[in-house]
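Each structure below appears as structure tokens.
Across the two complexes that follow, subunit A remains constant while its partner is subunit B and subsequently subunit C.
Here is the complex of A and B:
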């Protein structure tokens, strides 16, 4: 049985869409059922995706704005398509899974709308998700419920903003890290 | 009886300065602060092929307290700036700084939110070495220029002026 069939059987109604790109399968699951779905993919005897390679955040700001009708592309699109496709949520999180037994890989995607930036943490399944989730929290500003130690990973504490968001200027907003020494703190 | 040699920039002072500068310029012990790919060129320069020891810098000092030259080789992120400042503050006088590579001089290609645009806004820099990364020859050239700069310094100028006022 090919991977797509097995994933569909395992996830049942949780698989909102299953697409194949260049031989890799991307499955979209609802954000609320994320932990259950990943747990099922890990535990299922035919799949055994027991290794979490990476967790990636995506900001679809351009698509998001175009579909909302602010850009030029929205006007060019045929009207019937415009009605059908709802505006995609701005953020996406991608979980890259690997089965150490069969060497198969799977992309699991969830969509995170801008008005609800909280996602369940998968650190209860894979401890390895801890730092990638902290990175996404740092650079995209998405909160992870149930994360043991959710704080900034790359930028320093007290940094304001989330630099990997597409509406964040590349050269920053002139942030500098203040030179604080311990002696100063004591005073 | 006043001895002529003691007053101002007299014979004793200038000869003493020459001696001090001779010692300082012949042993500029570097603190290798490699934060990026420039550090690899720095390693090549310290190895036998280019042999930085020919210019007296054969002892890389991994403690800032025994270093004379802070060899800043690589990108300094904004998160790193307090660390660099602190290491510079820990070095004992006299101290000099070489900014090696485009990143240390100006921020280089990384004109982004995370990169500090040139270390000279945190600590004083004596020698700038352009290049991305600079070749070992460029680093040696920078070191030689620093040596010439050290030789022209006046470490006893304060004492000389004090003596001038006394006499």
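Here is the complex of A and C:
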């Protein structure tokens, strides 16, 4: 049985969509059912995705801005056809899973809308998720519920802003970190 | 209750115990770069260990969103600067997947050969510094002698020693020369005897054995849960090697074994890497024997538009410099060439699993590039591994996980 079918059987209604790109399968699950879905994928005897490679954040801001522009151009031709679709969620988080037994890989994706930036942490299933989740908290500003130690990691404490967001400029916003040494203070 | 938990319970029950905090690093010779550890100690026992990274954060992921795929290539050299070619190859494979092109067979063999050379170079630096940290100074000098030979060969190959950027998207930059092949042949002929030298120096050293055997034990389930990869995972007895289980480049055509440890302590991880040296020599030898003639870069490979140097003398058997000039296609703003969507391609670099995750919107620049670096995950796991160990064993653990901070901080 191919992987896509097995994933569908395992996740049942939790699998919102299953896509294939370049031979790899991405399955989208509802954000609220994330921990259950990953646990099911880990425990299922036909799948056994027991290894979490990484957790990756994506900011879709530019992507759907562009699509919006494209959509407008297309809409001009048939003006009567104006369906108001709900705005797509801004952030996505991708979990890279691996089965050590069959060496199959699977990507699990959840969508995180801008007005509800809290996601359940999966550190209870894999300790490996701890640092990647901190990185996403640091660089995207998404909160993880139940994370044991959610602090900034790559940027310093007290840094404002989230550098990997698409509305953060490449050259920064002029943040500087002035180190004040004890001697300077005395003077 | 594990041994480490017992030790923590032991010291916290002691009436004379005194808890204090120590910040180890970022300028500490044994942390292999700018790694800072916030330690809470009770005497010599580590109650908690919290690594702090980010001192080398250069924002490579953000930078690459504003560069073309070819332009980002030199940035990948700066990830794990001990084995830069392995990073380049991983990056090229990911972009090739995105473009839907494949490198010619000769290029695949060349890349595999060079990757294994860089694995030897990286492991040599690992054994040198790891032994130095634990107190076996002499190995350091011997290992650097051999590492120098490899770096000189890299210089002969492409003009750079540490950050070569030798592979290209869809192939490699230039063909090997006869002189390079002669030198490599001489090297792999004598390298196994050099390995025995190191083993004589280390394996009969009582201090080394006392400080590695039974130290930093990571059971298999814990190693999987912590996301360890590479020799750190295989030292715990988990058989997983991407070169074997999801082969890329010329790995499916060569014969090699994947060494596995038993107990998962520092000593087993050391044995795994020592065995990997021998397997790398085996792979290089097979690549040299099987090296097929043919072009070294795919016809439809994109590249930076740059002037070609005059053709070099190449080995008999190859068809000379490939039609590189016709292959220079400007793909910066070409929206048709790159596939839309996301790809994740992982390769086995000396440190573990290095993966490149791309989100592409069809332009010649990645919409988002993420680097799954093994060192980042390994340092994240360090805190869990070191809890309950002695302070001196932290050094042994950092060395045996083989971390490099350039890759961790990106």
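Here is the rule we go by: the second predicted complex is superposed on the first by the 157 of 187 C-alpha atoms of A that agree within 3 Å, B and C clash if a C-alpha of one lies under 4 Å from a C-alpha of the other, contacts with A are read in each partner's own complex, and residues count from 1 in each chain.
Just so it is clear, contacts are C-beta pairs under 8 Å (C-beta built on N, C-alpha and C of every residue); 3 or more make two chains touch, one makes a residue touch a chain.
Note that the coordinates shown come from a computational prediction; the quantities given were computed from them, not determined experimentally.
Colleague: Which holds for A:156: it touches subunit B only (first), subunit C only (second), both, or neither?
Modeller: So A:156 meets both subunit B and subunit C here.
Colleague: More subunit A residues touched by subunit B or by subunit C?
Modeller: C
Colleague: Of the two partner chains, subunit B (first) and subunit C (second), which one does A:2 touch, if any: first, second, both, or neither?
Modeller: neither
Colleague: Determine, under the contact definition given at the top, whether A:176 touches first (subunit B), second (subunit C), both, or neither.
Modeller: First partner only.
Colleague: Which partner does A:115 reach: the first (subunit B), the second (subunit C), both, or neither?
Modeller: After superposition on chain A, A:115 lies in contact with neither partner.
Colleague: Residues on subunit A in contact with subunit B in one complex and with subunit C in the other?
Modeller: In subunit A, residues 154-156, 163, 170 are touched by subunit B and also by subunit C.
Colleague: Going by the contact rule at the top, pick out the subunit B residues touching subunit A in the complex.
Modeller: Going by the criterion above, the answer is residues 78-79, 81-82, 85-86, 111-114.
Colleague: Quick one: in the complex, what on subunit C touches subunit A?
Modeller: Against subunit A, the touching part of subunit C is residues 50, 53-54, 57, 59, 61-63, 65-66, 97-98, 224-227, 238, 240, 245-246, 339, 341-344, 346, 353, 355, 357, 359, 361, 367-368, 370, 372, 376-377, 379-381, 384, 409-410.
Colleague: Quick check: in the complex, which residue numbers of subunit A touch subunit C?
Modeller: It is residues 19, 21-22, 24, 26, 50-54, 56, 58-59, 62-63, 66, 94, 96, 100, 103, 105, 107, 126-128, 130-132, 135, 149, 153-156, 163-164, 170 of subunit A that touch subunit C.
Colleague: For subunit A, which residues count as touching subunit B in their complex?
Modeller: Subunit A reaches subunit B through residues 154-156, 163, 168-173, 175-181.
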